[in-house]
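So that you can tell them apart, the chains are marked A, B, C and D in the order they are listed, and the count of residues begins at 1 in each.
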Amino acid sequence: GGGGDDAATGGGEPVEGGTLVYATGDAEPTCLDPHVGGNYPQALISTQYLEPLVGRDAAGEIQPWLATDWEVSEDGLTWDLTLADGITFTDGTPLDAEAVKVNIEHLQDPDTASSTGYLGVRKIEEVEPVDTTHVRFHLSEPDSALLESLSMQWTAMQSPAGIARGQDENCAAPIGTGPFVVAEWVPQQHVVLERNEDYATHGPEADHDGPAHLERIEWRFLPDPATRGAALQSGEVHVIDNPEPQAVVSAEAGEEITHIDAPRPGSVNRIELNSSQPPFDDARVRQAFVYSADVDPGIEALYQGVATRSHSPLSSVEPMGYSDPSLFVTDLEEAERLLEDAGWDEVDAEGYRVRDGERLTVRFPVSTNQSVAAEQALFEQVQANTGRVGFEVVLTPLDLSAWYGALAAPEDGGENTYEAVSAPYTKVGPDVLRTLYHSDGTVPAPSGYFANLSQVTDPEIDALLDEAARLTDPGRRAELYEEAQRRVLEGYYILPLYDQQNHFLTRGVEGVTTLGTVSTPTFVNARLTS
Amino acid sequence: MSAVLDVAGLTVAFPGVGEVLGGVDLRLEAGRCLAVVGESGAGKSVLARSLVGLAGEGGAPARVRAERLTVAGQDVLGADERQWRALRGEQVGLVLQDALQSLDPLRTVGAEVGESLAVRGVGRAERHERVLAALAAAGLDEPATRAAQRSDELSGGMRQRALIASAIVSGPALLVADEPTTALDATVARGVLEMLGRLRDAGTAILLVSHDLGAVARLADDVVALDGGRVVESGPADVVLTRPAHDVTRALLAAVPRGSRPPVGEPGPEVLRATGLHRRYRLPGGGGVDALDDVSLVVRRGEAVGVVGESGSGKSTLARMLVAAEQPDAGRVELAGEPWSELPERRRRPRRHLVRLVPQDPLGSFDPRWSAGRVLRAAIRASGSDRTPAELLELVRLPPATLGRRPRALSGGQRQRLAIARALAADPDVLVLDEPVSALDVTVQAAILELLVELQERTGTALLLVSHDLAVVRQVCHAVVVMQDGRVVEEGPVDRVWAEPRADLTRALLAAAAAVPDA
Amino acid sequence: MTATTTRAERTWTRRAWQVLGPGGVVSAAVVALVLLAALWPQLLAPGDPTAVAPAEAYQPPGAGALLGTDASGRDVYTRVVHGAGQSLGVGALATAIGLSLGVVLGFGAALGPRWLDALLSRVIEVLFALPSLVLALLLVAVLGAGVGPSVISVGLATAPGYARILRARAQAVAQSAYVGAARLEGVWAPTTFVRHVLPNTVWPLVAVATLGVGQAIVWVSALSYLGLGALPPSPEWGAMLNAGRLHITTSWWLTVAPGLAITVTAAALTMLGRRLSAVAPS
Amino acid sequence: MTVLRWLLGRLAAAALVAWVVATVVFFALRSAGGDPSEAILGGPGSQASPEAVAGVREEYSLDEPLVVQYLLQLGRTVTFQLGDSYARRRPVSELVGDQLTGTLVLAALGLLLAWVIALAVATAAVLARGRVARRAVGLLRGAEVVASVMPHFWLGAVLIAVFAGGLGWLPATSSDSSLRSLLLPAVTLAVPVAGFLGQVMRDGLEEAHAAPFATTSRARGASEGRVLWRHSLRHAALPAIALSGWAFGSLLSGAVVVETLFGRPGLGRLLIDATHSRDVPVVIGVVLVIALGYVVVMSVADVLERVVDPRLRGRVEAVGSAPQGQVVS
């Protein structure tokens, strides 16, 4: 679930006020406005000062937030949203229909280069302010995922006056309606967030009226996981993210530290197999890879119960997720047979399979920024395990730029330079399937980047996902998504591993919860314990 | 009068080395000078250091025992470090053997000389006064300037004097001076000795360690001869130096260069002729120095020519020019009647075997990684001669076992012989030797000089010998050239020059070189 | 027969003892052991360093696994032994690169004409001014992560040091009295270079290089920390050390084993280098 | 006059360094793959529209031939116009300026600590009397060697685990310039350098302590302490000062690791981030500042050496013994 497990922290009376120190292992954003670019670190921090139009609860139900009500027309092309009355941004600018229009246009402005947010609102053709509290969206085609998109931090509402200051200034201190306000940003050191004394827009997680208990949050950037753990232990910081699995295990065993498990929504963590070119253009080879990977013992040993094996393309928090464990067995003999069938029937001196003089090589670029140590160790195990049936997996750790470079579409119709990859993708709702497995997703952006990295181009899947995106009937949508997921799984395009891990450890603080959208923590209820 | 120094049964041993001094007895009174003589390694320096409680310096800690050890009136037998410290500098001054490195190059001479005062908390102003006085007493000109300079800005002689100044600045009762005149010009050495004489006359007891019997004869009242750490002879100087009782003392005396060579009968053909050589060196910070100024000279076959002069007079520069290690600014050198100095190196190379240099520092001139055998083989190959290394060793009286040894493993005398052997590999017409014996023990020096004379008589090779020691030149050479400030101030047959020196410098040099009384 | 052998052996060991001292002999022994592990790892650890067994992950040192097992259940002892080759190779290769570049720069500057000396001295200075890790970051950005770029960058970074030593040394030898003596004997300059300058310059450098190998191993391991080092699943010590570092409080053996391997090897090489340079004729 | 020449030489070195850095970094990063326009448009993997990309390319002259771009960059670098960061949209000079002091303070403190440790070890080694003390010194020698080969990241991790995580005495993170927060990172940086300096200093000290001038000083009644402070130490300090220039470079390299480890802002971290996002102007800026800083430190070391050793003061580059032409009379 999206909520935190609110086990009482060891002793200590909760107190009002004080400064909470949060240490994040994620990269420091280059811009605090999540409209610009739009990655998870931005969502994390902007949760404290920006709020979206709608929220989502633990069960995946959309809940009112800045918008109190919404209605969709029969044809699904017109949406009417009602905004809460009398709301202002922290700079005093009113949150009205005009402001929503400015925000959507800001997201669609090429200058902001918004990625996730842009994908979410791309079907909105026009925003029509009806009156102060009513706004109407005109869509180019029906979009059943619109509310889910609008619930994400990447589409959160900002003060139009703030946006008007220009990107450079807005990046330094975006202005929203959240419980905190950006007070200071010292790059590479910290962002200081001060309490919003006039806080009035309580979202689904808020448990009390009025401003937050904390007076201030110091948001620190601490890339080294061991240092983060030590800092939490020594009481220098109250909350850390991205802990090592072992730290989670020892936290659970002890009293002092509380663990919050908040798996991200949307896609699961998986290994994607590039089906556009040999050897994985042959389903049998993909299946052989999956049959020989044998990741269960590894996940168990490396994560020690912190992560649970998944057999679905979707996160366990997605109600429409479909799972089929029977497809992901370990069967080396079958794997060998499949490979023989596919023509990989010779073995070279080093024990790798060969066909027509070509080795069965799987190039696997690994992003050192996005895969934690345990995950990299798991990939090493996959490398060793698939090696037993003759795959040569070449793991290449790369920095983010180089990693994107390795995944980018070749310039002039040449080959891709990867056969397998694990790329995280966070988006609320099952519509993430359309981003990841629709053939549209193989069309690269000008930078060469594309989201459908397994390069699934199945017309049936395309049809199912398009249809599901248009419908609003939950039952029918669920059926369609299930069928699409079944096809993805049965095609062995991916090897699902576990939910996108999102853990927080806290010490000396209570009342930390996570939003039901992209599982970012909110400190609206948090209180330090003495 | 009570003894300033009274030592009995002094024994010093080093772990792994054994006894270096064995039961030495000494007695020295104020206003007198006791000389300690002996061959290299006899233990003279260890003795000198023991008297200030620093026997073990620079090596393993020493074990010192004695029956009686009274220094400057204090019994220091079993004294601890603090007692010694109170004594050092105040009551005893020590002048170490390595004079050139005994002043800290990073501090001013004034600070160094005044240190023993500073240690005792003497105020700055008074210290300065006394430093200047000591420098003046040590015979340094312009004491104030010297005090502000650093040791590397001083010449060797100046350093030696500054060091003595630092030892006498607090007016010690006893001055221990270890080889205070080695590496000094005859004239400079004489100055230092005179200064020590004045100190002695003023009441300081002086313990003089020296291998230079001339210096001993000039200064010492009594002499102690050491051999293998034991006193083998002692007595009044005039007795020991004229009627030595022990073999070692006798050998030391015999080794002092004496006498002269008979003139060459028939002067051979010219092998080397230098005409009007000029060489000017630029100095850092502008200006220059004329190392050679219109120098001419002729060397004939079968003849030995000596070059003497004060330090810095251009002797080495001349030697290097003759072997074409350096080019003259003006003037020329002819080799066996043919052009030499003005040829390009390429044309000179085939005739290089005709002239050979034996450098002042033989150790530096050997590749440290090469064995003696390899050195000789390379020399033979380079000159295209048909000698064998064994033959060459035989020529310089070195045992064949030397072949396999590296230069570092040879003694100073052996190295010098090896250098000469290497030069002889080419059967050169002329052999140029730059200070071949200045670094050697008197006994070893005598052996080398003898070898040179004998060699020349056998092979007829012309010799050009550079030396600061007139006695050496007199013993080996037929003719002599006296240099001063890059100029030749006198030249002529040795006998004539000794008998009737014409230049002032020659007279001064001859006067300075004190003769040791004949045995 | 046996008696003579033992006597020969005894004098041989005594000589080594005399030349190297106790510290040097121990260092030499350690280096020999590491060399053995590098050349024939199977001899010391017959297992497969990459064989995974997740069920046996995080075993502490004991009877089953001498130095425990890592996150994937791989035997740490086996990996440390098999990592010797790569780590030592990395150190040696980086040093070789540094040395060869240093030789070119140093000899060029010392023996070439004045303008070349001025030029190369500047090059040396500039190389000095780019700290090794900065160079490494750039190179890795160009060539991608892996041992290759790390080795090259560490090599490049160490080159100016060698060049400087070489330049000074070569100049000293070239101006030495024995080179002068050879010239006066009429020996051709290139011959002198080969006979005197080269051996007397390079030999002291061997000692410095031994020292450098240890340093290079440490530097390459630092690159592993930044995620720029050896590729998985290679048991390169720096990579192991970095992977184990995260478990320092829970599974100490994961850092201690490769950490000791690096420090002991580097320290032994350093010590040996220092001993060698103390005994090298100079 | 010599001072002027020396200064000119240093300036020439600085200009050369600037040129080389600009060239190396430019070509390195441009051949590294990854498009700078991406960095400009919100980081790698951005899905900017073609128009946006085109606009950026035009704005930053990325569509010019590489040589033209290089010359443009060169022109800017050599005139010290560092330009704006691609990713952070702020002037590089500002970014670097913000981080400069933090790193300098850290490196300076590291160097200072290293000197203190090295000095302490070296003096202890020379002054040790008696059996036990000499044993201990023997152990110290080993410790020096081990210290000199300690990888920063490992040492730092151990220090954090012990002093922050375990004992809780010192903070695990370092964010400001207070001594408390600087201590662990500075020690991490200092230990390996101290190991090196210690070895060099001890060698020098032992040599100087046995030199004739030290004996002479003792013969004047000076105590061991006086011999050490007034004589030996200055001699031993000379090679260590010369090495300090190098050590500073090594400290800056170490800072890259240490800043990441302790979450400390600084040039090192800025550099890593910028390299990862192909932020060419920032990388050039940082490398340039580091390299120039190095030139400055070397110059300071040069001056210091001359202060300690007056013999070097008069030294000018080999004033010739070269013959002034061949005159045959």
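Some observations on this one:
Note that a residue touches a chain if its C-beta (ideal position, glycine included) is under 8 Å from a C-beta of that chain, and two chains touch if they have at least 3 such contacts.
Fair warning: this is a prediction, and the values are worked out from it, not measured in the lab.
Set side by side, the interfaces A-C and B-C show unequal numbers of C-beta pairs in contact, with more at A-C.
Centroids of chain A and chain C (each the mean of its C-alpha atoms) stand 45 Å apart. For the pair chain B and chain D, the distance between C-alpha centroids works out to 48 Å. With each centre defined as the average position of its C-alpha atoms, the distance from chain A to chain D rounds to 40 Å. Along chain C, residues 141, 245, 248-249 each make contact with two or more other chains. Shared interface positions of chain B, defined as residues touching 2 or more other chains, are absent.
Across the assembly, chain A contributes 226, 229, 399, 401-402 as residues in contact with two or more other chains.
By the document's touch criterion, interfaces exist between A-C, A-D, B-C, B-D, C-D. Listing the residues of chain C that touch chain A in their complex gives 50-52, 54-55, 57-58, 70-73, 140-141, 144-146, 227-228, 231-233, 243, 245-251. Chain A meets chain D in the complex at residues 23, 27-28, 30-31, 36-39, 110-113, 115, 118-119, 167-168, 171, 186-190, 220-224, 226-231, 233-237, 369, 399-405, 445-447, 449. Contacts from chain D toward chain A in the complex involve residues 32-35, 37-39, 41-53, 55, 87-90, 95, 98-99, 157, 160-161, 164-165, 168, 171-173, 175, 260-263, 265-266, 269-270, 273, 275-278.
If you check the complex, the residues on chain D that touch chain C are 12-13, 16-17, 20-21, 24-25, 28-29, 31-32, 141-142, 145-146, 148-154, 157-158, 161, 165-166, 199, 245-246, 249-250, 252-254, 256-257, 260, 271-272, 275, 278, 283, 287, 290-292, 294-295, 298.
Listed in rising order, the residues of chain A touching chain C in the complex are 225-226, 229, 244, 246, 250, 297-298, 300-302, 368, 373-374, 376-377, 379-381, 383-385, 394-399, 401-402.
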